[in-house]
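Please go over the structures that come below.
Next come two complexes built around subunit A: one with subunit B, the other with subunit C.
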Partner chain A sequence: MKIKVAVLGLGSVGRGILEMVRRKPGLGIVITAVADSKSGIVNNEGIDIEGVLERKKNGCACGDQGITARDVVLQADYDILVEVTPTNADTGEPAFSHMKAAIERGKHVVTSNKGPVSRHLAGLKKMAQGKGVRVRYEATVGGAIPIMHMLGEGLRGNNVTALYGVLNGTCNFILTRMAAEGLTYEQALAEARELGYAEADPTYDVKGIDAAIKLVILANTIWNNQVTLGDVDITGIDLLTTDALRLAEEQDCTIRLIAEALPEKGLLRVSPRLIRKDHPLVFEGTLNAISIQTDMAGEITLIGKGAGSIETASAVIGDILSIDL
Partner chain B sequence: MKIKVAVLGLGSVGRGILEMVRRKPGLGIVITAVADSKSGIVNNEGIDIEGVLERKKNGCACGDQGITARDVVLQADYDILVEVTPTNADTGEPAFSHMKAAIERGKHVVTSNKGPVSRHLAGLKKMAQGKGVRVRYEATVGGAIPIMHMLGEGLRGNNVTALYGVLNGTCNFILTRMAAEGLTYEQALAEARELGYAEADPTYDVKGIDAAIKLVILANTIWNNQVTLGDVDITGIDLLTTDALRLAEEQDCTIRLIAEALPEKGLLRVSPRLIRKDHPLVFEGTLNAISIQTDMAGEITLIGKGAGSIETASAVIGDILSIDL
Partner chain C sequence: MPTGNGGKETIPESPGITNEHLPVSRPYRDQRYKTYLTCRATYQAGVPVQVSMKLEMKDSPGQLVSALQPISDVGGNIIAVIHQHELTSREGTLGVQIVLEIAESRFNDLVSQIKEKGVNILRIGKERLLYKQTVIIIGHLMHTDISDTVDKIDCTGFAEVTALDLAMPAIHERSSARLTIKSVSINDMEAALGILRDVARTKNLLIIEPLEGEVV
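What follows is the complex of A and B.
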């Protein structure tokens, strides 16, 4: 049986998904519709993926400008809506409305979109439960790292008592470069921009907001406790000095932006922390890592790529394949 | 609905499972039968776990000496047979016969027993498929690390192209101590024995055989390629000198016993390797770690406790809960 998928959003993640579905026919996934911000295309037998990727490469609309994302959500024939439009952390829109409309139609939803998931997870799950469908969001946290599968399946039966993560690759890269080369924050940020690791406006990353949004998603997944971004105590890395990193180095330590959740203490925090260099959460470059403390399995740490087109597509495809149709 | 489980083997792992089932009634697991090497006990409503644990603590048989493990397998009322008797790496017996008999009765099997799984995985899976039941063996590799769940669920859709692991905590402890304190192999082994990290006869661990058996299980799981222990090129750590570790240290490296599988090169090897100290597979003490290289997700590394009563029970319980009855 083929899995019919509609994809909203043809940025880096959406294109990665299309590319993988094209390269791996064995997955059994058919893309029956896609939409970008300007157009849409629908074909119940499967759209022409190569044609779409070619048009996007040339900077064109993906399909028919008379078809909108909303048309795809409401009218196309699909089993699973894949929502991978850009994140709006303030409102979660328009992704949230699209996801609600798909669930209303009895469709499963898979998303990489942190906005609606960090703001509305409990509501989305409740709605989905009412309709007998699933909402999965592996790609919202830790890129390619299958942390949600680990929590939901691999560690089933365990109580998670604490969580520590390096959830923002941009910050980890900047801190790595400041420590290794004695660069200032501004110099390391400029280098990250040149290499494409930092956005033109890096505020969300360097102020710790991106990591905090991911922490909210993790906390609400593990403890069902409906926290919001306002509950996280956030300090970024933008005020760190080269001196601070040098002093850490002298004690065989370094500084990393650590996201931590300790539910017993009511603590949710993202902040630069002094950490021993041989700790599993210390590594170089743009990787992500998550350590979970549990009552039976002890501490389990996962390390992997936190971003990237194909890497994030891997998480989305893992979610698609884990839904029983 | 309750999950009815029969447990064979009341060593450290079996007792850990009983303890966790007792402490966590929310799991919905009922132990309807257990057997140790001398006796057995059956109660379709659930055995008296505390009584069994108390008798084992006092060095007594767990139950009725007229009831054998085979009686439990063939006659008790259970959904899942949990086979956690000691490993016999040469024959896989008597565990293999017990598992076959349970599958023949249409029962699922969960095991921590490396012997039968490393020798007979393909056969067991085929037999189970024929009967519409599952064979799960998360606890055979990496203790508490849910590597099998990661491969089967979290990374679904990915092709695994290579695997590197630190699969033996005893060796990792010995190498850590040799590097940190300049101990000889014999001194570090003596320390491991004192702390309970090494057996009286440490041959299986220090010769690399234990790691190789786990590598065989991983390779056959990932690539379905029916390799055996004889296909693994094995070198242990017992001939390593303090000088070798000192020389590694001078280059910011250390030595670790690495198990690796590179199917494209037909390579299956366990050997002491020179490795940079900032590599994710370098950590101190008895932890285990596994790095998987994949075509979409890139490299994913998992680190966790490789042994322990409750930790291994965690893997067994995760398997029990993931079987759809």
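What follows is the complex of A and C.
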């Protein structure tokens, strides 16, 4: 049996998913509908993926301008809604409404969208439970790193006592370059932009907000403690100096933007920390890592690609295939 | 202190607490500091002194408890006990460093009682700041009076800044400093860092600390 999937959002992640579904027919996934911000296309037998990707490449709308994302959610034939539109961290909309509408129809939801998940996780899960469907969001945190699968399956029965993470690749890249080459923060940021690692407006990354949103998602997933972005003590990397990194280096240390959660101490924090260079959370470039401490399994650290079209598609496809239809 | 471009100055490890010029006029909310003042008043009256001892004993069950027993027997107060692996040089021995407070008049009794327990006293000294932590601070460090920042910790009596490495790129730019702080106990370190965080907040400095629970 084929898994019927509707995809909302044809940015880097959406296109990566389509590309992988096209290249890997063995996955058993058929895309029955897609929608971008301007148009939509529906075909219960499976849309023409190549045509959609070609049109997107040429900067055109993906399909029929008379079909909206909402039409797809409410009318298309699918088992799983894949919501990969751009994140709105303030309201989580319109993604949140799309997800609710899909759940209401008894459809499963898989998303990479941090906004609605960080704000409404408990509500979404409750709604989904009521309808007997699943909400999966592996791709919201740590890109390709299968942290949610690890927590939900392999580490079942463990109590997680602490979590430390490098959750923003842009910051890790900037800090790596400041330490390795003695670049100023501004120079390293400019380099990150040139390489496409930083947005034109890097505020969310460098101020630690992106990492904090991911920390909120992880904390709510692990401890179900309904924390919000406002509960996180956030300090960014934008005020760091090259001298500070050099002073750290002289002690065999460096500085990294670390997200920390220790529920026992009520600690939920994203901040630049002084950290020994041989610590597992110290690595170069845009990678992400999540290290958790558990009562039975001890300490486990996962390191992997935190962003990228195909890498994030890996997390989304993993979620799709893990849902029992 | 040089304030020129690229200037870097290292202030060497300070020799120890002098206990002079306590800034009683700076009322810290911190309870530890109040406790310190009380202790210090008692000390000035000639009663307890704070000492550290390095002990070596047989590494067998009950030895440590037995070695520490005389301290309470003579009315002393244990402040910190630290296992020191580097002290454990000989096979089957356990090295510990302890910091305690004791009435000066009872000190000789204590030493003989510990020896009676078969515990070897390797060293008795005033080196009471056994916990070390490093932090980096960034901001207008000179303009906000770095010596006052350091003094806020030094004057507590339970912690001091023992090394300061300062890097000043240009007069109006923010400078960076690495502070090594030593304290009597872990709780004292937390209290000292708490003071530093308060100072940083008022002086608009950024503190880069190690991860929760880690020492660098």
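Just so we're on the same page, the second predicted complex is superposed on the first by the 325 of 325 C-alpha atoms of A that agree within 3 Å, B and C clash if a C-alpha of one lies under 4 Å from a C-alpha of the other, contacts with A are read in each partner's own complex, and residues count from 1 in each chain.
We adopt the following convention: contacts are C-beta pairs under 8 Å (C-beta built on N, C-alpha and C of every residue); 3 or more make two chains touch, one makes a residue touch a chain.
Keep in mind that this is a model prediction, so the values were computed, not measured.
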item: Broader residue contact with subunit A after superposition on the shared chain, subunit B or subunit C; value: B
item: Touching partner for A:Lys2 - first (subunit B), second (subunit C), both, neither; value: neither
item: Touching partner for A:Ser322 - first (subunit B), second (subunit C), both, neither; value: first
item: First (subunit B), second (subunit C), both or neither touched by A:Lys126; value: neither
item: Residues on subunit A lying within both footprints (that of subunit B and that of subunit C); value: none
item: Subunit C contact footprint on subunit A (complex, rising order); value: 162, 164, 235, 239-241, 243-244, 246-248, 250-251, 253, 255, 258, 260, 262, 265, 267, 271-276, 279
item: Complex contact set, residues of subunit C against subunit A; value: 134-136, 138, 165, 167, 169, 174-178, 206, 208-212, 214, 216
item: Of subunit B, residues touching subunit A in the complex; value: 20, 24, 27, 144-146, 149-150, 153-158, 278, 280, 283-284, 294, 296-305, 308, 310-311, 313-315, 317-318, 320-322
